[in-house]
Amino acid sequence: MSILSARSLSVRFETPRGTLQAVNDVSLDVNERETVGLVGESGCGKSTLGKALMRLVPAAEGRIFVSGQDITRLGSKAIAAIRSDVQMIFQDPYGSLNPRHTVGKIIGQPLSVAGWKRADIKARVCELVDKVGLPQAALDRFPHEFSGGQRQRIGIARALALNPKVVICDEPVSALDVSVRAQVINLMKDLQAETGVSFLFISHDLSVVEHISDRLLVMYLGRVVESGKAADIWPAPAHPYTAALLAAAPVANPKLARSRTRKTLQGELPSPLNPPQGCAFHTRCPIAQARCHEERPLLRSIEGHAGRQVACHFDLVTHQKTPDLAATETSYVSA
Amino acid sequence: MRRILLRRFAQIIPLILGVIVLNFALIQMSPGSFLDVMTAEQQVSDPAMIERMRVLYGMDKPVVVQLLKYIWSVMTLDFGYSYRQNETVLAVIGQALPATVILMLASIAIALLIGVLAGVIAAVKVNTIWDNLISVGAVFFFAAPTFWLGIMLMIVFSVRLGWLPVGGMRDIGVDHGVFGDALDVMRHLALPALSLGLFYAAMYTRVMRASMLEVFRHDFVRTARAKGLSGAQVVLRHVFRNALLPVVTLLGLQLGTVLGGSVVIETVFSWPGIGSLMLDSVMSRNYPVVLGVLVLSSLIVAVANALVDIAYFRLDPRIRAR
Amino acid sequence: QGAATATPKRGGTLTATWGGFEPQALFVPPGGGSSPYFTSTKVLERLLRLDTSLNFQPVLATEVTPAADFKSYTIKLRPNVTWHDGKPFTADDVVYNALSYWKPVSAGLALKALTGAEAVDPLTVKLTFNTTVPEFFLKSVLAGKAGLVIPKHLYDGKELLTNPANNLPVGTGPWKVKEWVRGSHVEMERFDKYWDAGKPYADRLVIRWWRDPASRSAAFEAGQLDIGCFNPIPAPDIKRLEATKKFVSTTKGYENSAWIASIEFNGRRDITKNVAVRQALMHAIDREFIADTIYFGLAKPATGFIPSSNALFYTKDVEQYPFDVELAAKKLDAAGYPLKGKTRFKISLVAAGWFEENVKLGQYLKQALEDVGVEVDLAIPDRATSLKRIYGDYDYDIAISNNSGPVELVPYWTQFVTTDGIVKGAAFRNANGFSDPKMDTLVENLATNTDPAKRKALAVEFQQTVAKQLPITALVDINSVTVARSDVRDHSQDADFMGESWSRVWLDR
Amino acid sequence: MSMTSTASPAVTAPTETVTPPAAITPVVLSGKRRAPFIDFVLRFARNRAALVGLLLVVILIAVALAAPYYYPRDPLRIVGRPELWPFANPRFPLGTDSLGRDIAAVVAHGARTTLMIGLFASLTATIIGVSVGATAAYFGGWVDEVLMRVTELFQTVPNIIFILTVVAVLGQNITNITIAVGVVSWTAIARMTRAEFLSLRDREFVQACRAMGMGNIRIMLGEILPNALPPVIVLSSLVVASAVLFESSVSFLGLGDPNVASWGGLIGQGRTLIRSSWYICAVPGLAIMLTVLALNLVGDGLNDALNPKLRDR
Amino acid sequence: MLALTEDKRPQPGRDAGPLLSVDEIEVTLFTRAGKLTAVDRLSLEVKSGETLAIVGESGCGKSISALALMGLLPWPPAKLTHGKVVLEDRDLARLSEREMQDVRGKDLAMIFQDPMSSLNPVLTVGEQIVEVIARHDPASRKAMRERALELMRKVKIPDAERRFGDYPHQLSGGMNQRIVIAMAIACQPKLLIADEPTTALDVTIQAQILELMKDLQAETGMGLIIITHDLGVVAETADRVLVMYAGRKVEEGTVDTVFDEPLHPYTRGLMGATPSATDQPHGRLSEIPGSVPALAALPVGCAFNNRCPSAFERCFAERPVLTRPAAGRQVACFAVQQEGA
């Protein structure tokens, strides 16, 4: 059974320039002991989706379930009980910790909100600090005394405080340096192995997502355009956007990098305030046809590929229209 | 843009209503009414006469009725009658308004000129003797009470040196011709405008300096230098305009307080403006005039805000996008 | 001032000011205090004026004669007088003034006996009264603040208080209003058809206002001011200016508008209704100090209620309360208020905040009373609040205020102690609540007795009673000062110079 | 405007106070630890002008506190000959005023008044301003709209006129002057607080608190407020300065509290003697100027030390 | 669109002398805490048409070095205290500010990390391009406008005429970065320094920009220094790599040799920590323990010693100097020296 799921979730923002549909009809499931990757370009609604699942921003439509319970309309009292099951790690290790509190206080906060006793909090905090690999001495210090990686560990400790079943990780390593990034990713993997927690892992860094995810969701302008097992998508992306994303990601291997002919996407990201008619991707799609300009493709399963879904009229898997886009990917992954 | 302006003007109605109610309440709370002042001042002792005055001033009606009546008349652009000056409120204010506007505009002009220039110099020469001198000067004028400054200037320039008149707005009974009259007003204007202007200039200097330094930190300044632009080009083309925005905000605030900003200086220099009128009206509980000035003031605030919006709009293309 | 021998020169602009603020209107029908009085008297004239030797001189009236029974007066008017707008001045104007302006609006209690006025011929008016009216009394009213003559043709049938002519008055006087710039000045030019041919001497009279005394003295020094009445500049500056020889100062010209700083005891309050307490407290006050320090010597310690400048009625022969702290304490003990701990009792002291000296007076008095063990709660409210507290709500134990009045005692001085002077809300009246039938009769006699000698005796009795009962008395008689450039000639030659028309002042340049 | 490569402060990012580079590379845990407060004190202490200001303020406070010991009697008591010049009589080092009161005593006791007015006006303004600003920003929507309109309303009325009206209406005493100054000064603080709250409201650490189900009040007071306070404190310190100026103006216009020794009152009474005994004005005038100056310097110093933008550089 | 193949990659002029040669520059930060050496005796060379990548963790002195080359060090606190920066035959470190202004933007250009903040928000992008041309190569307004438009087309701004009058906020991040590039190449600089030119951009846009820079380099043959911490970017673009740690060069070599056979433990750590560079998709990443030491608290000896898996006594006592294990290869590590010995 999925721990966290969403059905047809939409989020809208009223802005001075009109309504912005940040998340559009998104459904997802996160199962036990699973890491679901969520990728997409900046501004495509990843964070908004994450926050909507946390009920930090109100959902305009759709439902959110935690362990099968519909929490979409729960009042603030009732939601408090759910909070222990779903937690969030934030993108910015500098901005997500209150600079005025000590680390001990920050990590203990969810516990104190949940009504724990002082002594219990203290014990649990010590345990957590250990778990994320920080020294006990850290508890009396302030966030600004820590490096980015250490801060992210503090954030993780806070998220894990109440033993959540699922943690939404909003680009937890984007702000970190390469070497530190590895530390944090390894930590998350260890924790998952240890506690069985599930992750919804939001990132725009494909190499990281690839490394950590079991399943993958690809978003474009507020919609999911492709989903499926990471191992399936990676070698053979179905949506041209996914293919383009994979192609664009730089490869840390000079020979490989030289050998592949990169075909970069042309054109700019359309404004989410004013998304294109038809398929939102058609303005940049190398294989777009007349139909794509008028008709918006629905998310559908790909025949013969269990668990894979795509929103494209001419997806690269069934149509076998393997233009150079797909071709290069194969070579890249096989290398 | 037009929407912003429209919004501004839509906000003004509740604002004016608020101003009226707030101050009406305040005046009603006061011991000593306009009637008391008037009967005392005119040494009226006859109870019949006092009653006659009460009816004349409309003070025989309940407060709420007075308030509603006032609001109604303001809506019909009638600001009432000032029995103290024996003229309509509009006429009374109208007589005092030009003097205040001239004084404030002059002092704002002085302040802008001195302040922006000094601020730019201080920022460009930051941490040098120039910067220190300017900063110390700014803090000095910022800290000196304006009336004190005014009196000092008066003693030096009018009394000791005899260069400038001691007060008033023009030489009386002398016809200098149109040009000469203007010159005459300017001579009278010099000291009060300077006393006020120096205070505001200190503010502008500080704001401008801080704002320039802030802009200097931006990456685009480094980009501009990387392009090979000279220091002057960088300052004038890239920094200055970006640094002007806080100054515009300050200017807007100052424009908004035009009517109240000069009470003290008007007193020192016998400048026949709204400040003295307001002081007299408050003291004599002459609320039609007090309210009239405040309503006018809120109009001016609205206009000033609109002007700031327009200036922002011109200066900062990012705002144009909204 | 002096120089009566020199022949007056014509021409020039006379710039004047006074030690107060701008008037609310150039002419305020019910009176309006010194400021509008200063401006309106340059335009509007009266029937008579009082000179410095307390003789009445003709102005618009050539003669004012009582009937044998003193119940009516005949007034002969000056011929060939025209208003500034060209209309002739006639007996009708005076009749209108007497019945529609003076009696109901400006004179208050003074003309309550007036029953009729009729024009006998175009230049003769007869006033009739229901009691006898002393000659000095009536003439004093006609020459006083209430006696301005306004044009009937502009006022008749219209609201007096809001008449537009109040702002730009039209009169018979030597000066025509040319322009009034509110907040700054009023400019007047000579009236060519003035009845006193050849006058005024100056071409132009400009009255300017400064709120700040320091500015006025700066204006004098900068040569932008010729004359200032009623303490225009800070007292220390007077000596400094005089030392330059370019300026003179005089205390003459205020005989008919003497000012005092008064102290009033509220008879409605438990402690201050006790005469013994009032008398005791008076001993605690050092009037020399007040005169010397607070007024910089420009005041005289008062001996009684009526100022010593009143050559006609003043008497020194009243109960005196010399400064003697111990005596004061002793008398307070005797009055039943011994020291309890450090204090005897607590009183509230309200000093009317319209003059700067009153602020200091209040502070001094607080200290002086504390020295005899009286705790003082001092308030120095602004003008409006002061008026309200003292004359409206009677909310004080002791009040410090100021009074000014003419030589004639009735009603200006007497109404502070008569029963009919108690008018709630009316300022500068009986606020202490003193009410004594004997006093009322005494004042009634003073108002109706036509024998000058008898009146003088009654006046002495009046002063003695007030000094004994002490509902109110003067702390100091304020010396009002006029400061002028030395080339301003023939000023300060009336008993109320500030309220004169200034047609005879000239500039020796 | 010529600039050489070595000394071209104009176009490089000039920092008034040079901060050590510790910020970018994080302090290693084993390194020495500095609490934020100590850090702030050190940063503040580095600013010499601010230290001078602080010294002046401390002197002022000392004078105010010591006044009742040195001058136990009512400072408004007449004690000597009027208009004694400073240093003319050793008993009255700063001379006497026109009534013969000891100016030194009035100035010392006036410091109390000034501080009282400044502090309480600033406190009033800060409490009102922070409550209004925080509520408006945190809840947004119509609450924000209404509160901001009210703020604008108070901004519309010219400050000094409003103060005069309040004082004239409610009575001339120190309490009312203080309240009046506080009531006109809160708007700026409200706006500043609102801006701070707006930018902090959506910061991730606040969202983290929401995500753990923390209540609004606790978030506002416990999480956002401490972070929003620094600039507010700076502004409050400047409100103290402007309160001192306002009080002097009110006294100059003759609406001060006659029962209390205050600098503004002394100037107000002494101004008529400005030509002959100018010291009566000059001494308290100087005191006001120094105080306002000191408060401004302290405010600037606080700004530099508390401003995160300057800190992380 | 220009589809580039491997053959079209610019060939660095191997025999020609270096375009830029930087000799032992040292940048000192004069802070209250004392003098700190942010860049310690860094030497490097770039030939025409060649791309040098400088990699290293945040705070290791990459940007400071670049600014030192440009003569744009922020004073206070940074100052160039030693070394030569020779562009062709002029030592830039000796030039006056005025002479340097002529070099900047003309011979030597730089683009910065964040395109949004690199452009003046109140000037149109067109004006900002024209500004460079007017500074170094003035012509009639019309001609300059034409040049600017041409540049905008060259950097593939669609609809250049319309965009000319737009303000930075009206363009997307990618377009802004292209404008910045247009400004940088406006006067055909001999050397372009790109300080993390794509960090702020999305993957797809990043690819576009890198592509564009390669094309431009091919066209004009300028030298290019790319500063980055993304090894992927290095692999995609560079000819040679220079690895920095705590202000010093720790390794240098051609891109192939460095990726194939990283010598310095730090370089190896970086490689191992990059997910796509490892061959085991779901295993643990190798991590470099600890974090970069603060400039003010550098350890004695090798700056990397406290994080280095192969550190031994000598590393804690002495600073390793650069050695040349092979032609065109440099490394500063005692462990490597030992192995080699």
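Each chain gets a letter, A, B, C, D and E, in the order it is written, and its residues are counted from 1.
Just so it is clear, a residue touches a chain if its C-beta (ideal position, glycine included) is under 8 Å from a C-beta of that chain, and two chains touch if they have at least 3 such contacts.
Here the structure is a predicted model, which is why all the values come from computation and not from measurement.
Participant: Which chains are in contact with both chain C and chain D?
Facilitator: B
Participant: Farthest chain from chain E, going by mean C-alpha coordinates, please.
Facilitator: C
Participant: Looking only at C-beta pairs in contact, point me to the busier pair out of B-C and B-E.
Facilitator: Counting C-beta pairs in contact, B-C comes out ahead.
Participant: State, to the nearest whole Å, the distance from the C-alpha centre of chain B to the C-alpha centre of chain E.
Facilitator: Chain centres of chain B and chain E, defined by C-alpha means, are spaced 54 Å apart.
Participant: What whole-number Å value describes the gap between the mean CA coordinates of chain A and chain B?
Facilitator: It comes to 55 Å between the two C-alpha centres.
Participant: With centres defined as the mean C-alpha position, give me the chain A-chain C separation in Å.
Facilitator: 90
Participant: Could you put a whole-Å number on the gap between the CA centroids of chain B and chain D?
Facilitator: 23
Participant: Could you tell me which residues belong to chain A and also touch two or more other chains?
Facilitator: Only 147, 150 qualify.
Participant: Name the residues of chain C that each touch 2 or more other chains.
Facilitator: 212, 214, 218, 381-382, 384-385
Participant: Hunt down the residues of chain B that sit against at least two other chains at once, touch-wise.
Facilitator: Touching at least two other chains: 30-31, 151, 155, 222, 224-225, 230-231, 267, 283.
Participant: Can you tell me which positions in chain E touch chain B when the two form their complex?
Facilitator: Per the touch definition, chain E meets chain B at residues 70, 72, 97-98, 101-106, 109-110, 112, 114, 117-124, 131-132, 135-136, 167, 169-170, 180, 183-184.
Participant: Can you tell me which positions in chain A touch chain D when the two form their complex?
Facilitator: 51, 54, 56, 76, 79-80, 83, 87-88, 90-92, 95-100, 109-110, 113-114, 135, 137-138, 141-142, 144-148, 150, 155, 158, 162
Participant: Quick one: in the complex, what on chain D touches chain C?
Facilitator: 74, 76-78, 82-83, 98-100, 168, 171-172, 254-255, 258-259, 269, 271-277
Participant: Which chain B residues qualify as touching chain C in the complex?
Facilitator: Listed in rising order, the residues of chain B that touch chain C are 30-33, 35-37, 39-50, 52-53, 56, 81, 83-87, 92, 95-96, 99, 151, 154-155, 158-159, 162, 165-169, 172-173, 267-273, 276-277, 280, 283-285.
Participant: Once bound in the complex, which stretches of chain E touch chain A?
Facilitator: For chain E paired with chain A, touching residues are 1, 3, 5-6, 9, 57-58, 158, 172, 174-175, 202-208, 210-211, 229-236, 238, 255-256, 259, 269-277, 281-282, 284-289, 291-292.
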